[in-house]
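There are two complexes below, and they share subunit A, which is joined by subunit B in the first and by subunit C in the second.
Right, the complex of A and B next:
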């Protein structure tokens, strides 16, 4: 990043922590001269390449689809690969980058996401199809597909999970990420086990532990709405048996032969 | 803590909830003394006629009002799944709670100042 004379220098403060050396995390400052379109990830690359090779962080696709680079910037969780650095400077021309909060730090900006994945696996995020598999396709309606579309966009970045106040205080809480995926499977007419799923998430470690704080919505880089999904799960959990019966009925037409038009 | 209006709302709900429970114990302690006769009851009630407690009553009103309106907000969010307007909801509850607290708190303070 050369200084072309027109871009001011900024200060990038990065939280560092090496568990082998440091007693506790601390902020280290670096000076950069970013271009107008330099992203925060670009800045981290610049620091690692030219100033401090020991800086450790996760990144992969660099176009906001893999979810690896979720971090906390100026107190807000976001993906740093598609966020302009200059957009997040404070009045003193600084930006502060920390790892995702409420998760154990492995090193610098890399956190231990074990609890995140454990809760995700807990809700069985794969489709459990009925015994009656169609020859060609499951005939879902456009409305049924539309109901799942937002939840399908989730890239499992962890921004919502680590922004959640309930996660911070209760590690048994399933979390907004897993509840959103559970919502997707419960509403999927191809799934044969909505009742079991609702039994798992309709508990005080699941949908009923949410305190409607909305941090998950604020943090999501894809603009998803886990809170709405959780509210839906609560309502469905309250009428689980009726929902199960309706699913069994729906699946009769989902995979059966195509009705012949007269 | 990840600080947002939603977090502030949650924190205030917790604080006001705990405050209301503590108030409830005090209230039962005072009102329950009626079984001991008028003298006992008046003695305990007079403890809370000090100006400091009159000011505390205004804070109690604020706690009740905030807790109630925020609770109604949660019921609306839960029933109608209105998450898009979450920031506006928070500020609406804040303004409404402030207005009711002022409307109820001013007479309390005036009564205290007039030696009531």
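Right, the complex of A and C next:
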């Protein structure tokens, strides 16, 4: 690794907590000598495999697509697999890693995402297509697809959910991740039930509970904008019947070519 | 460790990627009431999500613009115009890509089912990229003679996985998230269930079922540089092998030509499908010398070998000369942002190179496992080279070997294979249940046996570091059984693996706790790497030819006379090597007889 010289020794501070043994969470310090391209996940892996096998966290893909490794680094939620350690060191060459906030801790950096998944299930994340299914694909315009991209890239890592101050105080709130998924289904011309969906999310447990503090946008490792999606849901909920009628109209031509605009 | 507990289901599927989720959803759709899926990570964390470039099917939505050459622009096919693609072409490309080791009956089933499975994904809500008139967009891919990679920008696997998981939930499938399968219970030639560890509590459970399916993914973590997730430790493959199930064609491991330099993380083949170049330190597009016709879009085995040759002959890039450049600058900013957004982010994050402005340093990376648990085209696991079924046991996806990829898989055929054969396995399982399959009583006590094994692993003082053993294994596999192989290096690899297996007996698990013990899991995963790596090398050592991804410098030619056959490996006696036997390849000698493979 001659091209990738070692950097000075750094201190990685990790919040530890095993509810079977510990009374309360505490910070533990580890020291290691990273290389220039060491990620925070690489650092955790090095600590776990050579210093302290008990240090516990989730990880899998290593490149920000599986959503396992969302954690809180120096006070900010992020995935730790695609961020270089050196960019998150303070002046004393320290980094502090804690579990995602506002969620029960299972062990160390592993949190219990049950409420997160319950809300995901609650909004029925699956598409409900119309009764008439064409032989080939439903036709969607590139613009209709582009409108969903803000939501379809979501990897369900929980960074937004656990950064949300509304979630912090109210676990009945659907949350930014599930509202973003609901947005994706509502906006999808193939979904036959946008009215029911808007009824479910257009409440004060849903889109109207969002305080537009934008923590979710700041936390999202994929650069998505749940707040904007929630805002759209609020607007559509206000004109739900017209939106449903427009969807029924659109679905009449779903099996045929998209008229070429421009 | 807390005591064990018994659970029963009609069907238990291990693994929640595309193959497992398709099987589960299909079985539930066909009326099986009680389908459970176990996964060591949350289903949406499965590695299917890492697939980027597309899923193959001859939909005939686009064609090359006339007279623009093999790398020119594509356009949608106007209604009524002649199709450019067909299942027959897809079939031939797949057979040729497999270097004639793929079973042609299974390949035919897959390519014929391809369009319908893509449309089904679309009807279930998958958000594909589109042509201007609203059809599913397609791009070129290596080894395919027509643009048939149906895609969703460069995160196709991600949208397919989320779609199928949502639909499995919709159909009432039960998920056991973060449960780790430890053992497969086979008695008297019948599969009766599994033993699993509930990761959260550390509790062991014996799970009985009428049908068990493995969809546990590939085994790329046995190599130093890999595109594979931490999770891809070939658990299912090793567990099945230990339970007496054979493994087929394990020596065929695909190295993808474009892994990020030093990290191995995938840069989709779509980079080249969209027109990217590969260049050496002299700026030369060296593929001209290896595949003058297909160039960068030759199949992966050939491109990776070409890169490795450039590197070995001193024409690599970077301070250590171990890299190659992937140059996409000429594609332009707009195309990169629109079609390769994830690729761009990864290149910037991991190697600090924005593909819009500079070439990205890459290197070959262990990517896909062609071999695995042998099955027929209905997902039924085969107990031996004669093809006898192992009653109650099914497999599909990367852990299985059906075999459609033979000696080398074409890009975009893996998502297709996992989907088609996952669905078929789901149907087979549903029929098996509805035909009156019974829960079989267990005569032994596998739960107790596994409990003792784990207890011993945790209790022994141990002195060997598990990660060090894993790293030494990965190094020997990469250096001695990687892109190029020969008898001497493989003998060294076998010796090293034997020594590492011995050292593993003194491996130390540092974390002794019951709750969420990922240190214990890492030890179990490493034992699996050691188990199947020996089978990879043994199969490769015996196969004295070069075919597809198995390339021997001491036997550089394909040898159809002696080696047009599948390797079938059974576990030998303790400390004895695997027992190898061979199974004929299904070839349609009229239509697709073996030919010389040139690109």
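Criterion: the second predicted complex is superposed on the first by the 249 of 262 C-alpha atoms of A that agree within 3 Å, B and C clash if a C-alpha of one lies under 4 Å from a C-alpha of the other, contacts with A are read in each partner's own complex, and residues count from 1 in each chain.
Operating definition for what follows: contacts are C-beta pairs under 8 Å (C-beta built on N, C-alpha and C of every residue); 3 or more make two chains touch, one makes a residue touch a chain.
Keep in mind it's a predicted model, so treat the numbers as computed, not measured.
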Q.
After the superposition on A, what does A:240 contact: first (subunit B), second (subunit C), both or neither?
A. neither
Q. Counting only touches as set out at the top, which of subunit B and subunit C does A:122 meet: first, second, both, neither?
A. neither
Q: Return first, second, both or neither, reflecting whether A:60 touches subunit B, subunit C, both chains, or no partner chain.
A: second
**Q.** subunit B versus subunit C as contact partner of A:94, first or second or both or neither
**A.** neither
(Q) Quick one: is A:138 in contact with subunit B, with subunit C, with both, or with neither? Answer first, second, both or neither. (A) second
**Q.** subunit B to subunit A touching residues, read off their complex
**A.** 1-7, 9-10, 74, 77-78, 81, 83, 86
**Q.** Contacting residues of subunit C [partner subunit A, same complex]
**A.** 41-42, 44-47, 49-50, 59, 79, 118-119, 122-125, 127-136, 152-153, 155, 158-159, 162-163, 166-167, 169-170, 200, 229-231, 262-263, 265-266, 318-320, 342, 345-346, 349-351, 465-467, 509-511, 513-519, 522
**Q.** subunit A residues within the subunit C interface of the complex
**A.** 2-4, 18-21, 37, 48-50, 52-54, 56-68, 82-84, 106-107, 110, 121, 124-127, 129, 133, 135-142, 144-145, 148-149, 152-153, 155-156, 184-185, 188, 190-191, 257-258, 260
Q.
Taking the touch rule as given, give the residues of subunit A at its contact with subunit B in the complex, in rising order.
A. 75, 77, 101-102, 162-165, 168, 211-215, 217-219, 225, 227-228, 231-232, 234
